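Each in structure tokens, the structures are laid out below.
Heads up, the next two complexes both have chain A, just with different partners, chain B and then chain C.
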Partner chain A sequence: MAAKRPLQSRVGAADWLRTNLFSNWWNTIVSLLSIALSLWLLFVFAKFLFIDANWDRVWANLRLLTVFRYPADLLWRPMLVIVFLMTLFGASAGLSGEGTGAILRNTFRWLMGLIGLIALISLFAFPAVRIWWLLVIVFALGGYRLGRHFPAPVSRPLAWLWGASWIVTLLILYGVGPEESSSPFRLVPATLWGGILLTFFLSITGIVVSFPLGIALALGRQSRLPIIKGICTSFIEIVRGAPLISWLFIASLVLPLIIGANPPAIWRAQVAIILFAAAYLAENVRGGLQSVPRGQTEASRALGMSGWDTTRLIVLPQALRAVIPAIVGLFIGLFKDTSLVTIVGLSDLFAVGITVTNQPESLLVTGGVTREAFIFMALFFWFFSYRMSVASRQLERQLGLGER
Partner chain B sequence: MLRNVVSGIQRLGISADFGFLGERAGFDISEVPIPYTADDSFGRAMLVAIVNTLKVALPGVALATLLGIGLALMRLSSNWILRQIATVYIETIRNIPLVIIIFLFFTVLFVPGLPRGRNAMMFWGGGLLNNSGWALPWLFPGAGFRSWLPWLVAGLIVAAAILVVRRIQIVRSERPGNPWPPALVALALIGAVGYFVASLNSSYPANLQIDFNPSRARITSYIDIDENGEFSSRVDRAVGYVPVRFVLGAGTVRREFPDSFVELRRTVYSTFRFPLIREREVESASPRFVDEGLAASFGIEFTNYPSIGFIYQDRNRNGSYDRGEEADAETGKGFDGGDYRLVLDVTGFERRLVTGREGEVRVPRFDEFVTEPRVELLAAAPLLLSRPSIPGNLSGGGGLILTVAYLALVVALVVYTSTFIAEIVRGGILSVAKGQTEAAKALGLSGSQTFRLVVFPQAMRVIVPPMISQYLNLTKNSSLGVFAAYPDFFAVSAVIANQSGASVPIVLTLIVGYLAISLSFSLILNWYNERVKLVDR
Partner chain C sequence: MSVRKLPLFVMLALLILAGTVFGQTLDTVRSRGTLICGVNQNLPGFGSIDEDGDFVGFDIDFCHAIAAAVLGDAEAVEFRPLSATERFTALQSGEIDVLIRNSTWTSTRDVSLGLNWAPTTFYDGQGFIVRKNSGIETLEDLDGFNICVQTGTTTERNLADTMATLDIDYTPLVFQDTNQSIAAYDDGACEAFTTDKSGLVSRQTTLRDPGEHTILDATISKKPLGPAGPPTLDATTSKEPLGPAARHGDDQWYDIVKWTVLATFLAEEFGVDSMNASSLFESSESPQVRRLLGADPDRVSALGLDPDAFLNAITQVGNYAEIYDRHLGPDTIFDVPRGLNSLYLDGGLLYSPPM
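Now for the complex of A and B:
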């Protein structure tokens, strides 16, 4: 007897259309309406983007939007920071193995794609920095090769360099000499920082500095000492109770009163961002701490480890591993929220964007340039947040957290 | 350093003086849901601001939930294009900072995009939308509301009692049943009877008078304290929400300014507006040119009798409008910008109005009265329907006015928060094991029954806790209204800190205020969460 052929699944285009778009009369109407609506929206948007929009003002203000009033002859310093950080990132990506490491490599790849695009544009349009963008590519790829081929000797210094990277970045950006001199290492006061540079600086500093603070708060909240527990709990709950914008405002009002001096606005905002992030981070970490089974602690105590060692070597690594996606999510939120520092007079990307729309030359443009400025800012935030959230979702899948 | 900090904190302790709350505020607030003037205290201003914050948060939460559930269902739909639209929407919006979304709605879309001033869009029922806000018909409590209130309370008590009794009966009988319909019917019945009784025996306070000021085109309802029959704002007390009827035998309206000829929606017609009068409000209205020469060669045609029309050139001299006559034969354009002075003769105009919260309402401005206009006080009622009194003009004192800042803020918050809610709801629905749906289907439940009775209650357990934090986020995020110039709790506090210099107490008030709002929200929502969790086994 001839064997029956197995039933073939129907995958033709017509079948796909029938199951997914036109399965019954109701679905057909909905599909047709939705297709018409999306095509119309796409048309309106594309028409504006490529025909009606006037990108001259955004283009002319690109330096203001990226680094604000950072001196033109010192642009090599933010570029050096990018070279430095991308080299480290490349080395880490090269070093990383499979699994979660693949996500790091993936992230490195699309970041390099973006940098390649910027380098290409600057090759023709921005002679001042084009050599630097090429250097970024060379060093980043060099770092990647180094990490890939010499993992053993690279890994230790790399960890140290990452540890020092924040201080190094700060040093390069701030400089050392007196402000008035023409030395290439002269001080650049924080009031001149702004645009995308400030957005990145505030959010990255925020998450880096708040990290140990957040862990300390989370551990403090689990402490058996009622005073420490009370202080940590009330700190976390009070900070989370009010919006970031009010903390920025409060920091700018109260901080000078407390420390008796008037620190620059950027540091007042930064303190608020750090404390705010720390409170949220503490809650995430607490979730992680609670997810570590009791048996782990008991087993390590039974092995004779001290309480501190148990926390440091057994509980925290497992807890942090479990909350990495949540921390990435927190970072995305922080990255987006830095646009609020406008309220305390800082010139982040959002503030500069508004300034650009109000320039006399921009007001002369028919219809203004608000829409163009809006699209530029939205696209910047969207691109980075979206990539990070994709990476975070991959991470979640890798760690097997989303599954049950 | 340490000594600095210690003395700084001591300074904080000294300056934490709340005496400023009673001082005169001296600044105006653009949105005042409760009565407030610049002469009121800082504390009153703060209260107004808190109400403003709640006014954004509560509708925002409700609308974001609806939109979020809709988006989640779209993402789970079997229709490919719906899924894609929802996914693109969610992935785009949630990755853009909220400030920029508020900026999008306020600065990019609403203020330049909506029609300006008198060109307001008009909705059925008398709603108006222009770039300063949205005025919509609204019910306000009138003089009879107090006598209706006990009936409402009684109705609620009876409904609650029925609800409890029916629930116990249903549990005892061990049969399915819904306790809500009888309770709601009882509430509606008692409410309706109460409304009827209350409107029969409700009356106005003694000495309530109406004042009509023709030059300001304004009606004021007030209590005539000095009993001289005239309204003076110093002595007499204005009373809000009083229904009146404005009756005009005959009068004329002049349109003497070239700028009253507006290009309406970019048509080529020379469009004019008598924006004071609505359709079907008059017995007759006939416009004429003041200039005899113009009248000989031009004519007037209504497109929306009698408020909107256009001017045409009567080329074939047949005395009426024909196609093509609205444009100049050579240029093809309308007859705009000329000095066409029009007079509208109106007879039989009548309008019912409800005075606003401050006791004032505007009526159409007539330049001449052929017969003396009459203003009548109408019978007191528990509820009054108030419509925007002047078409195209939001500040006429009628209806409920939502400013464009408020609209932009609520829309932005809803659009932004709904993306997070959609993901939570989707996760919740997906978390219900597939066997549950299959078992429900096997028991013969229909698709909607399966969702309503089996999937949804189980999904709620997963949905509610993260939803609470989204609701709190929305409430806290309403503080970004400061970027749309909306006077919420944060924005007003910042102004007060500036004006009074009392920064430390302001800071404490801000923290305590937000904590109080957050805590009361989470108390209510956690109570609900406990109820949902009871279903859990």
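Now for the complex of A and C:
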């Protein structure tokens, strides 16, 4: 009896390749073609990125792209905001425990990596702000240690500081005192804000304010009082019935004609963004509310909890937990949708990018600098959107969504 | 108009009225201490933002000139970048004092939108850029070719109208903005790209071989375009007179805007520029120059301005030729020939009534 040949082992890269990519002649052709195509695309892209692209214009315009026309001698003010917010964030990350707190720490660590990189670059290239970036690192790490080692005394003031952070940010950015003076605290009107600063301001304010508003609308829609229910439902349906761009137009063009006053463009756009996001968020939250079994409410009422406590402690936590992925998705969308404010004359990052491509100097570059500017903007948006979706995935895992 | 829509129109009319009935713009500007000027930030040569965040360009300088005339300080301007869609509403609602944003003066805008156009500061017109070696010399030569054009512009409509009149077949390739269109043209996606000639001139520098291309006039055709029109200068193709606009209902302010522009024309005509204006103010014997610079103060004062208003505008910003050369002239990357934008003495269209 002839000896059988030993079974071939099914481990190792070569075997994996053979079974998955080259199992028959047809798969082999498809695999070879797609590998060639990927390599070619990679080559074309890398060649453009590192050889053909002319990054001089983007580099020369970095200040414009980050803060737009915010006065050069007052750059310390946006930097102070970053120091302030990163200190708070550091303290919160230091305070946070295990589980969901770990996500906060991950995000903090990741942000610090980014800041470290920026600090390193500015150390050599941007003398005007390099001290400030080092300060950001020092204060953020200081905040972290503070939160870590003295959780008890830190936590209460921290909550208050977070509550006041928006006002403090506005105060620092706007400044006080007459605009004409050369004082370091002089007023900087919002028309001079722009670039990444404006993109962050609009989207973070939009996210933070629309969140409670959206929850309130969702609860209002569930209300048994017909007036409240009617108002909330019609608000949600009307706002959701038109695209954001039309609300931006209405806020910036029709509103001033109706109310006869001209609030600054940034606030008109901000209000439109908040209301739009709140209406969508309300529908997401409603989905969550409806997913909580009635038994939960009945049980809590049977235990003697008030209606408010039932909502706050029993229903909402479960409802929100169920819709976290949807809400994060909404916020990622909101973050990117802020670039629509271009249309009402605000200069967010996207608008400034376009402006850079239209400087006379940019026209001296063969092919213009449109591609370079768009790659820069795409990287920025991708970076932060990706980070948000990573955090949301970790959150889902921590909360055990989809496992029950 | 159907009866059902009537309330809507009444409301719209009221809204526009509410926007136009305003106090004296001059007083508002003076008490505010700055002029709010609606501009473009994305049109190289006319309005753009440099690396330091300052607005620069041909249109921008007319904002500076008006600020210098009204407030005595050319820097007392707050620039409000506006998109093409919102520009007229911004003017109607009083958000800006004057609109200088390469806006074409048309009858609809002048009449229905309630705007007043100051004298044209730049006469533009549609042109085509083609490759020199393509042999395309007239519009007829474009028969059967692809033409790149920007969507939603008067250019696109003019192209369609002209080609239909001439019975020329072409495929329009539409793009959202000029940068995309010119890139597509350079990649060979279309045989010609059309937009305003000033835009073509400024974009020619971004082509791989700028010297290999040439700009054709939209009016070049072998056949007459209109029933009775002359073969090469037809009114239906493209006239793009660009100039500052003020809103209806404040004639004094409109006069100020108008005469500030005219003052730059007159200054060039009389040989007054930013360097010699002060000394001419002291020494000039010419009655015209003296009236312009306010040495004889009646004419300028009658506008409600300080007698030295135009002296300020000319010393701080310059006469028309200086403004033009600074942003579009031979020393810039654009080098747009003056053409129609020359003084009437040189065969152009810049002609100011006497002062």
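Here is the rule we go by: the second predicted complex is superposed on the first by the 387 of 404 C-alpha atoms of A that agree within 3 Å, B and C clash if a C-alpha of one lies under 4 Å from a C-alpha of the other, contacts with A are read in each partner's own complex, and residues count from 1 in each chain.
Rule of thumb we're sticking to: a residue touches a chain if its C-beta (ideal position, glycine included) is under 8 Å from a C-beta of that chain, and two chains touch if they have at least 3 such contacts.
Treat the numbers as computed from the prediction; the structure is a model and nothing was measured.
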Partners on chain A (chain B, chain C) - clash or fit: clash
Partner chain(s) touched by A:27 [first = chain B, second = chain C, both, neither]: first
Touched partner set for A:321, first chain B, second chain C, both or neither: neither
Chain B versus chain C as contact partner of A:35, first or second or both or neither: first
Chain B versus chain C as contact partner of A:370, first or second or both or neither: both
Partner chain in contact with A:342 - chain B first, chain C second, else both or neither: both
First (chain B), second (chain C), both or neither touched by A:68: second
First, second, both or neither for A:60, with chain B first and chain C second: second
Contacts of A:245 with chain B and chain C, given as first, second, both or neither: first
Partner chain in contact with A:350 - chain B first, chain C second, else both or neither: first
Superposition clash, chain C against chain B - the stretch among 7-15, 25-33, 223-231 or 259-267 that is involved: 7-15
Chain A residues contacted in one complex by chain B, in the other by chain C: 249, 253-254, 257-258, 260, 342-343, 354, 367-368, 370
Parts of chain A lying in touch with chain B, wherever the complex brings them together: 19-21, 23, 27, 30-31, 34-35, 38, 237-238, 241-243, 245-246, 249-250, 253-254, 257-261, 332, 336-337, 339-340, 342-343, 350, 354, 367-368, 370-371, 374, 377-378, 381-382, 385-386, 389
Chain A-touching residues of chain C, taken from the complex the two chains share: 15-16, 18-19, 33, 41-45, 48-53, 78, 80-83, 85-86, 89-90, 92-95, 177, 179-180, 182-183, 186, 202-203, 205-208, 332-334
Interfacial residue positions of chain B with respect to chain A in the complex: 1, 4-5, 7-9, 11-12, 15, 78-82, 85, 91-92, 94-100, 103-104, 107-108, 112, 476-477, 479-480, 482-483, 490, 493-494, 497, 503-504, 506-507, 510-511, 514-515, 518-519
Touch list for chain A against partner chain C, complex: 60-61, 63-64, 68-70, 72, 180, 191-192, 249, 252-254, 256-258, 260, 262, 342-345, 347, 354-355, 357-360, 362-368, 370
